[in-house]
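Given below, in the form of C-alpha cells, are the structures.
You will see two complexes here that share chain A, one where it goes with chain B and one where it goes with chain C.
Coming up: the complex of A and B.
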C-alpha cells in the first residue's frame, strides 16, 4: 500500500474530521484567493479599461496626473499632435458639471461630456435609441446621449426633452438654460456605476457653456500608429509640445499603482498573510492532533519496520489531500465570494462601470494554489517531526499502560 | 549455530525527572534459532524493556547486542528498521492494528513495505489468514473483530515477512482465558513451524508452553545465558 493510499484511507476513516478540515481550508483559501484578486483587481481592470478605449496615450495639462487642470487651446493642441507621424488618431475629452432642470422634479446634478467626433464609440455603448452622429443636427434642440441611471431617475426616453444648465462656481445664474433632446441611452465606460451623465456634441457643449467657455479640454486621447509603441508616441508628443504632458497607459497604471491603489495592495497583503497564518495553524493543529491520537499505531508501525520516511510521506500525503481538496474548492468559493464583494464595492458612488475590485486571472489562481501548497507543506513539518522522532519503545510502553 | 539474538551485559537506564531509573541491569541472554522462550516477572521488572532491546526498537545504555551476529549498535537507524521489517515480528498487548484497514490489508502492509509483488502478497496474506483461522474475516476491519481475532490478525501481520524471531509483549493481556488459550495454541504452531519466539507474559499457562522459562526480577534475569 502506497503512502498516498494509506493517507487516503486514514482520511476517509474519519469523514467528519476530514470534512471539517477541508471546509476550513476551503473558507480560508477562498479568503486568500479574494485577497490576491483584490491586490491586483483594480490595476488589471483599470488597465483593461484604458486599453479597450483604443487609445494608448493620454495627454493632460499637468505632470501631476491624475489632476484636474484644463488643457487650453485644446483643438490646436489636438491638431498638432494629430500631425505627428507616430499618431493615428486623436480624441478630445471635455467635461463639466451641470444641473438638469425638469419641471416637478428636484434639480439633478449630472456630468456633461463631449468627445470629439468619431470617438464616441469608445466612451459609451448605446443600449437604446441612437448615437449622437446618427441624428440630424437641429439648431434649436441639441442631441444628448444619457446614462441609464439618468434615464431611470428622470423617466427619460429617446425623444424626451432635457433642460440643462452648466454649473460654474459663482456664476450659475449667468449661464443660459439649454434644452437637449435625448437621442439615445447608453452605458458610459468612464462614468461611475449609477452616475448620471449626459454626452453631447462639441457645438452643443460649447453652447451649453455659453460665453464663459473657451477651447479647453480635460484630456486628449491619442492612438499610436501601428506598429509604433506608446512610449515612442509619448516621446514624440513630449518633444513637440512642452505645454502638455503625455503618458502611456502603462505609465498611468503605474502612477495609480503607486498612489491610489496602493492601499488595496497593502490591505490585501496584510490580510493574505493573516489568512495564510490561519491556514497554517488549522492544518498543523489538525494533523498534530491526528498524529497524537495514533502515536501507538505510529510506534507499532515503526516497530514492524516501517521506516520514518514512509510515516512522514503518509503524513505529507494526508496534508496534501486535505489542503489540496480545500485549496481546489476554495477557487470557485472564492470566486463566488469575490463576485458578491465586487458588487457591494461597486455600489459605491462614482465607480466607473467597467472598473472591478476583484478580477480573476489564471496566474492568480496559480499563485493561490502555490501559496496553499506551501502552507500545506509548512503545516505538516511539525507533525512529521513528532512522528519521525517518536521514541518507539517508550511510546509502546506508554500506550500500553494508558 | 549462530544465535538469532545475543545480549551481553545489557543495561538500560531511563532519565526520569526524579532521577535515573535502571530498568535492566547487566542482563545477558542468548536465543537459538527456533527456540521458544517465555519471560515472566512482576510489572516494572524490565521484561518489556528487554523485549524492545531484542527487537532493535531501543538501544542499551551499556552492553552489546548482536542480531544474527551483527552488532546492532553499529547499525544505522534504517538498517535496524530493515532488520525489524524482515527478521523480526512484533505482537503487542493492544494489537495496534491500523483501524482504517481491514484484516487483509493489515497483514499485507509489511509485505508491501518489504517490496513483495502483488501475487506473492496475495498468496501469503491468504495463507496467513487461513493459518490463524480468519480466512472468512479477511475483509473485516479491527472494529468488527473480537479481541482474540484482532490478536490473531496481529500475529499474522507479525509473520508476514517470515521473521526469524517473533517477539510478543503480553499477547494475552487483553484476552479472556479461553481466547488466551487459542493464542497460546497459535504460538505453539508458529514455533513448530520453525520460528523462534520470545513471549513476555503474566500468563502462567502461556509461559508453560515455552521451551525455556526465564523469570525477571528488578531488572535482572534468572537463568540468563542458559
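Coming up: the complex of A and C.
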C-alpha cells in the first residue's frame, strides 16, 4: 500500500474528525484569503476607478495632494495645458459644499460639482431625465443633475425644484438660496454612501457661489495623446506650468497607498500573520494528537520493516489531504465572506460605489494556496519528528501492557 | 488520568489560547484615542494657540514673535529650537512673517489623521490673525476655523448642536462624543472586527471539536473500565466537564497573556510605521472578559459534546469486547 493510500484510509476511517479538520482549515483559510484581498483591494479598485475615467493625469494647485487648494485662473491654466502636444483632452473640475433645503425635508449636505463642457460623460451617467447639455442655454432656473441617492433621499424627480445654499468655509458669508431645477438623475463616477452629489453648469455654479468673477478649480483632468505615457505628459506640464503640480494616476495611487489606505494594508498584514500562525498551530495540534493516538500502529509498521521515510510520507500526505481540501474550499468560502466584509466596510461614509475593499485577483489566489501549502508542510514537521524517533520495542511493549 | 500525549495536552490550551488571542486582536486592532478634537479642514498649517502651549514668559523677548512647531514639522523642515522661520498663509509666500521657534510639541493623536504627516504650528492668536488677515477684507481678522465648546452637561451635546445650527445657518456642529450613527467609521470598523472575530471563532471551534473528539476516543478504554467499576456516567461527565473547564481556562489565560504581550509590539510597530503616538491596540478588561466568555464555554462544550458520544455507547463496546 502506498503512503498516499494509507493516509487516505487513515482520514476516511474517522470521517467526522476529518470533516471538522477540513472545515477548520476552510474557515481559517477563507479569513487568510480575505486578508490577502484586503491588502490590495483598495489599491486595485482605486486604480481601476481612476483609469476608467479616461484621464491619466491630474493637475492640482499643491503637491500636498490630496489636500485641497484651489487652482487660480483655472480656465487659463487648462487652455495652456490643452495646447501641449502630449495632451489629447482636458477637463476642469470645480466643487463646493452646499446645503439642499427642500421644504418638509431635513437639510442635506451635498457636493456641488461642475465639469467643463464635454467632460460630463466621464463624470456621470444619466439614468433618468436629461443631461445638462440638453438645456444648457435655457433662460429658466439653473439646471441640476443629481445623484440617485439624493433623489431617493429627498423624493426628487426631473422637473423638481431644488433650493440650495453654498457653504463657504473660512469666510463670513450668507450666500442666498438658489433654486435649481432637476433635469436628470445620474450615476456619478465617484458617488458614494452618504456623499450626495449635484452637478450643474459653470454659470449656475458661479451663481450659486455668488462669485461670478473668480475662476478657481479643484483640479484639472488631463488625457494624454496616445501612445504618449502619462509620465511624459506630467513632465511636459511640470515644465510648462510652475504654479501647478501634475500627477499621473500611478503616482496618485502610490500616494494613497502611503497614506490613505495604509491602515487596511497594515491590519491585513497583522491578521494574515496571526491567521497563518493560528492555522499552523491548529493543524500541528491535530496531526500531533493523531500521531499520538496511533503510536502503536506506527511502531508496528516500523517493526514490520516499513522505513521511516514512508511513515513520514504518510503523515505528509495526511496533512496534504486535510490542508489541501480545506485550502481549496477556502477560495469560494473566502470570496463569499469577502462580499459580506466588503458590505460592512462600505457602510463608511463617502466611499464611492465603485470602490471595494476586497478585490479578487488570480495572483492572490495563488499566493493564498502557496501560503496554505507552506503552513501544511510546516505543521507536519513536528508529528513527523515524533513518529520518526519512536522507539519501536518500548512503544510496542507499552501498548501491549497498557 | 488521561491517556493523552504530552504534546497534545500542551497544544490544546495553546489552541484555545490562540483563539482568545485572535478574538482579542480582532476586537482591538483599530486606532483608538481617549480624546479627539475635531476641526474643520483648513489649508493653512497655522493654528491658534488655544491651549496655552506657547509659554507666556518667552513671548516677545525680542521683536520676533514666537511659534511652536509640531515634531513632524521640525523634522520635515530641518529646523531647531531657536531658529527663525518664515510662515505665510498663502502658498506663494505672500505676506510672510518671521517667527522664532520657541519649542516643539507632539500633536494630540487623532485616529482620523493617523496616517497623515502632522505639519502644524501653534501661534498666539494675535500673530495668527496678523498672518492670515486680508487687508482688503476687514472682516477677515475676525474669522475662526472652529470654536471648541465645553458644555455643563455632555449629554446636551445634540441639543446644543441643533440650537446652534438653527441660529447660525450653514454652521457645521459636531460633538466630540462617539457618534451613534451606524455609518460612523469607527462603528463600521468595530462591526468589521466583530465579523472577523466570529469567523475566527467558527474556524477554531471546528478545530477544537476535532481535537476533543480525538481526545475522547483516546480515553475510550478508561471510560469503559470506569463504567464497569460502577462509576456513574454523571460523575464521569462531571470529571470531563471540570477537566475541560481547567484546560479552557488555562488556554484563555494563555491567550490573554499572549495578547497583552503582543499589544506592545503591535503598538510600537504601528506607531513607528505611521510616526504617531496613537494607541492602536489596547487589551482592556472588558475585551479580555469578552474573549474569555467566548472561549471557555466553547472549550467546555466541545469537550462535553465529544465525551457525550462515548457515554451513549455500551460498556462492552467501550472496552473492545
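The criterion applied here is as follows: the second predicted complex is superposed on the first by the 389 of 402 C-alpha atoms of A that agree within 3 Å, B and C clash if a C-alpha of one lies under 4 Å from a C-alpha of the other, contacts with A are read in each partner's own complex, and residues count from 1 in each chain.
Convention: a contact is a pair of C-beta atoms (placed from the backbone, for glycine too) under 8 Å apart; a residue touches a chain by one contact, two chains touch by 3 or more.
Just so it is clear, the structure is predicted and the values come from calculations on it, not from any experiment.
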Chain A residues in contact: does chain B have more, or chain C? C
By the touch definition at the top of the document, which applies to A:293: first (chain B), second (chain C), both, or neither? second
Touching A:12, do we find chain B (first), chain C (second), both, or neither? first
Looking at the overlay, does A:167 come into contact with chain B only (first), chain C only (second), both, or neither? second
Residue overlap on chain A between the chain B contact set and the chain C contact set? none
Note: in the complex, chain C contacts chain A through residues 3-5, 7-8, 11-12, 14-15, 18, 21-22, 25-26, 29-31, 40-43, 91, 114-116, 139-140, 142-143, 145, 169-170, 172, 182-183, 185, 188, 191-192, 195-196, 199-200, 202-204, 206-207, 209-211, 213-215, 217-218, 266, 270, 273-274
Residues of chain A touching chain B in the complex: 1, 6, 9-10, 12-13, 296-297, 299-308, 310, 391-393, 396-397, 399-400
Contact set on chain A toward chain C in their complex: 14, 16-17, 20-21, 23-24, 26-28, 30-31, 61-62, 67-69, 99, 165, 167, 169-174, 193-194, 258-260, 262-263, 266-267, 270-271, 274-275, 277-278, 281-282, 284-286, 288-293, 295, 337, 340-341, 344-345, 347-349, 382, 386, 402
As the complex stands, chain B meets chain A at residues 48-49, 52, 55, 57-58, 77-78, 81-86, 88-90, 92-94, 96, 98-101, 105, 108-110, 112-114, 157-158, 161, 169-170
